[in-house]
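Take a look at the structures below.
Below are two complexes that have subunit A in common, paired first with subunit B and then with subunit C.
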Partner chain A sequence: MYRYDEYDQTLVDERVRQFRGQVARRLAGELTEDEFKPLRLMNGLYLQLHAYMLRVAIPYGLLSAAQMRRLAHIARRYDRGYGHFTTRQNIQYNWPKLEDTPDILAELASVEMHAIQTSGNSFRNTTTDQYAGVAADEIEDPRVYCEIIRQWSTLHPEFSFLPRKFKIAVTGAPNDRAAVRLHDIGLIMRRGDAGETGFEVIVGGGQGRTPFVGPTIREFLPKKHLLSYLEAIMRVYNQLGRRDNLFKARIKILVHEAGAEKVTEMVEEEWRHIKDGALDLPAEEVERIRAHFAPPPYETLAAAQPAFEEKKRADGAFATWADTNLAAHKVPGYAIVNLSLKPVGGIPGDATADQMDAVADLAEHYSFGEIRVTHEQNLVLADVRRTDLHVLWRKLRDIGLATPNLGLVSDIIACPGLDYCGLANARSIPVAQRIGNRFADLKRQHDIGELKIKISGCINACGHHHVGHIGILGLERKGEEYYQITLGGSADQDAAIGKIIGPAFSSEDVVDAVETVVNTYVELRQNGERFIDTYRRVGKEPFKERLYAAA
Partner chain B sequence: MPLLKDGVLVDDPWVTVDDGTQLPMDGPAMVSLERWQAHRDELLGRNAPLGIRLKSDQSPALIADDLDRFAVVALEFPVFRDGRAYSYARLLRERYGYRGEVRAVGEVLRDQFLFMLRCGFDAFEVRDENAAGQWREAVSEISVVYQPAADSRTPVWALRHRRSAAE
Partner chain C sequence: MALQVVTANRIGDGTVVYLTRGGGWSERIADGQVSRSDEERDALMAVARAKAEIPEVVEPYLIDVVEEAGVVRPVRYREEIRAQGPPVHPAFGQQAAGG
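Up next, the complex of A and B:
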């Protein structure tokens, strides 16, 4: 993984010092809360319902064991013993004290981490495929470009006061595991006519109150132009993005109102002036960064692992887990292991300090000391020998991270909702927990198959409900929580925004409603269809009939 | 309003003339884009330096052909959150090659100095008499830059390889 050099380290150290000064000025009353707000937001510090919340950047979701241990230490020492992994591959602490935050940032800096730009109207953490570098379907490792973007977008002098926050996602594979079409900018690695690699550039996707699947504005951008092209997009957006209305300030609204063609034209015109200039990274810098992502020293192993197959035959629980939570690795004899942060009845994405420490140990023993965080709020050990899987599985079970539910009905994404968030209409976490309990029977979950439920506590859509196969949106009416259900959303290469199925359900009824939807699918499905396939075939009517038949 | 230039507070020789009011006979005067567009000849006939003050929705592209007429281009930050002028300043310096003063006016706060400086601003109307001290801190607290801009700082990706080339 990328390791800081003296420059990278200097920047985060200076940043800690700067923030310490800002907090001191705030505590001394030299800064009003209004003046302090944009400064703390540049460092990931939010004011929530009950306390401050600190969001720490995990660049493109990649962590070393040492970093994970430091996150555990921070959870223990400055918070209440746990942290929350988010859909943006970051981690949040819900209970830090303002006066502690400079120390927390110093702890982070000591392991090459920071909270820079994890909030505020500037570039946010660039996200990517959690299987980057090891996926069998990958054209090229996208993390090299994520790191290039991370550096370029850090404290960018021109783009630190954008109309609104800005999120970039990159994938190196045609199967999109990073929801790139739902970001302000999405980049998909493609091959050009001569076999060279470059990016398809997508602009103006997003969720929130006006969800859009982003249009492609350039089919192929040679890699060397990446930063100049991004800078051209940003310059157009910084000047023309709406600043009169917070809800219309994202680039998706500019793209929607001006039209993708017009935006493309403006971007290309701006780009004409700056391409082939100072923003072309020197080849040796790209190579320097690429070298950090060189494959670890894999052993040469046979693709077939009889011992592993034998264990599967002998141990049904292990087999279920292996069939569900593993993904294909490009190197023979290795597997990608998903650690579920969705135990039945638990809080999606939460991990205790002890779990974090244990995962760090396991990563060191079994996966070259690295861990990834997924946008579906799980963890990944990406490089495990198949022969180690059984032992690893037993150890994961001991720490509660072996729930075999990846991609299944209880692998739910949920935002913090009314339990933490000041903008919420309704709670999300308890709904996720109740759905998890309703479908606690793992056999049944496996029978139902791939099904993505996503829950947001308000229209800001932090829980990705628009792109859930089943989306659940919290509403509030006369002090009561209600939940609107959408069907047919998808965040992958066939990205789609879900359709509202009908009137909202009370908190009491929403779990029944989800179960009715699931049962309807089970009755309608044909020859191995997944939920989303059946929905696409039959449309929403059959579901609607069943849901509202009684009314 | 105190004016900060090159890190020190200086007397501001410029008078900002509101649209409705009479232009002073002599002395440097700063006018709006609207006034410039309506009274161009009258303004050019004055025998004194002329400056222009652009609002945050007025791109310098609108005056690109006339830039050599202005000794100062002031770019307004109606609120510090409105970051359009950062792009305008870079366009002035890098696209149009403007060498005169680029002045930040409006809500100009200490914690924006470094970004402004990097985008090509070289004068700052500030509200605080202590701004010079704050300036020194603000522009030196982050020494590493990751991107080329309108200033002379070298991005680290160039430093890295300059150094290794020398080794």
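Up next, the complex of A and C:
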């Protein structure tokens, strides 16, 4: 993985020193909250309902075992023994003390981590496919370009005061696991006519109160032009993005109001002036960064692993897990292992310090010492020998991380909601827990098949509800929690924004409503159809009828 | 006249606190000084703002409350959760102390 150079380390250490001074001045009363707030937000420190909250960046979701152990240590020493992995492949701590945050940041810096640009109107953590570099369907490892983008966008002087936050996602595979069409800029690796690789460029996707699936503004961009093209997009946005209205300041609004064609024209025009200039990616630099992501020393193994197949035959529970939580690895004899952070009735994305330590150990033993965080709030060990899977599975079971529910009805994304979040209208986590309990029967979950439920506690959509197959949005009505259901959203290569199905449900009724939707699908589905396929075939009417028939 | 109390988060650890009758801060809403008129409300906020300058707390503000049988409770569910702690973690916050 990428290691800091001297420049990176100095910058991060310097920032910790500055923040230590700022916190001391704040506590001494020399800085008012108005003065201090922008400073703490630049370092990922929010104030939530019950406490401060610290958001730590995990660049493109990749962690070493040592970093994971440090995150565990921070949870134990400075927080309440757990952390929350988020849809942006980051981690949040819910209970840090202000006076401890400089020490926490220093601990992070010692393992090449920080909380810079996890808040505010800046470039946020560039996200990617959690299977990057190992996926069987991948064209090229996108992390190389994530890292190039990270370096270009970190503390970029021209873009330190963007109209609004800015999120970039990159995928190297045609099957989109990074929701790239729902980002300010999405990049998909494509092959050009001569077989060379480049990017499809998507601009103006996003969620929040006005969700859009981003349009493609360029079908193919040769790789060496990546930064000049991004810079051209940013210049157009910086000039034209609306600063007068917070709700209209995202680039998606600009693309929507001006039209994709117009924006494309402006970007291309701007690009003409800067392409083939200083921002061209020199091949040596790309290779230098690529070396950081060189494949680990895989063994040469046979694709067929009889011992693994034998274990599956002998142990039904193992087989269920293997069929659900593994993904195809590009190297024969290896598998990608998903660790579910969605135990039945648990809090989506939460992990205890002990679990984090155990995962770090397992990563070292079985997966070359690396861990990935997924945007669906799970963890991944990306490089496991198939012959090790059975042992690994038993160890994961011991620490509660082997729930075989990846992509199923209980693999729910939920934002912190009103349990923690100052902006929330309603709780999200308890709804996820109740749905998990309702569908606790794993056999039933497997029968239902792929189904993505996503829950947000307010219209900011941190829980991706717009792109849930079933989306749930928390509202407040006369002091009570209500939940609006959307159907038919999707975050993958067929990205779509879900449609509101009808009037909102009370907290008491919302789980029944979800079950009614699921049952309706089960009745209507034809051979092999997933929920989303059936929905696309029959539309929302049959669901609506069933949901509101009694009313 | 709506009944109100002043709440804020403590500067050092962010803990939810309420301005008390004695002009201090308590983690229990039951200790909060209830304002019953515009004048009382303005006076409470003036005290709270001065304390935010020190700084003892962050961003003090008023919340509506009801008094039932001498017990003060917030009107909004959001404030109930702030007063009690996150419902998903019954061991955290005032709910653990039995309210």
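Miscellaneous remarks
Keep this in mind: the second predicted complex is superposed on the first by the 551 of 551 C-alpha atoms of A that agree within 3 Å, B and C clash if a C-alpha of one lies under 4 Å from a C-alpha of the other, contacts with A are read in each partner's own complex, and residues count from 1 in each chain.
Throughout what follows, a contact is a pair of C-beta atoms (placed from the backbone, for glycine too) under 8 Å apart; a residue touches a chain by one contact, two chains touch by 3 or more.
Quick caveat: nothing in here was measured; it's all calculated off a predicted structure.
Of the two partner chains placed by the overlay, neither subunit B nor subunit C lies in contact with A:297. Applying the stated contact rule after C-alpha superposition, one finds that A:155 touches subunit B and leaves subunit C untouched. Once the two complexes are overlaid on the shared chain, A:481 sits against subunit C while remaining clear of subunit B.
Once the two complexes are overlaid on the shared chain, A:347 sits against subunit C while remaining clear of subunit B.
Once the two complexes are laid over each other on the shared chain, residue contacts for A:419 go to subunit C alone; subunit B is not touched.
In the superposition on chain A, A:279 makes contact with subunit B only, while subunit C stays out of contact range.
Contact comparison for subunit A: of subunit B and subunit C, B touches the greater number of residues. Subunit A contributes residues 26-27, 29, 32-33, 47-52, 80, 95, 97-99, 347, 418-420, 424, 427, 429-430, 433, 476, 479-481 to its touches with subunit C in the complex. Residues of subunit A that touch subunit B in their complex: 5, 7-8, 10-11, 14-15, 17-18, 21-22, 35, 38-39, 121, 151-152, 154-162, 227, 235, 238-239, 243, 273, 278-279, 281-282, 284-285, 288. Against subunit A, in their complex, subunit C makes its touches with residues 9, 11-16, 52-55, 58-59, 75-78, 81-82, 85-89, 92-93. Chain contact summary for the complex, subunit B toward subunit A: residues 59, 80-84, 86-88, 90, 95, 109, 111-112, 114-116, 118-119, 137, 141-149, 156-161, 164.
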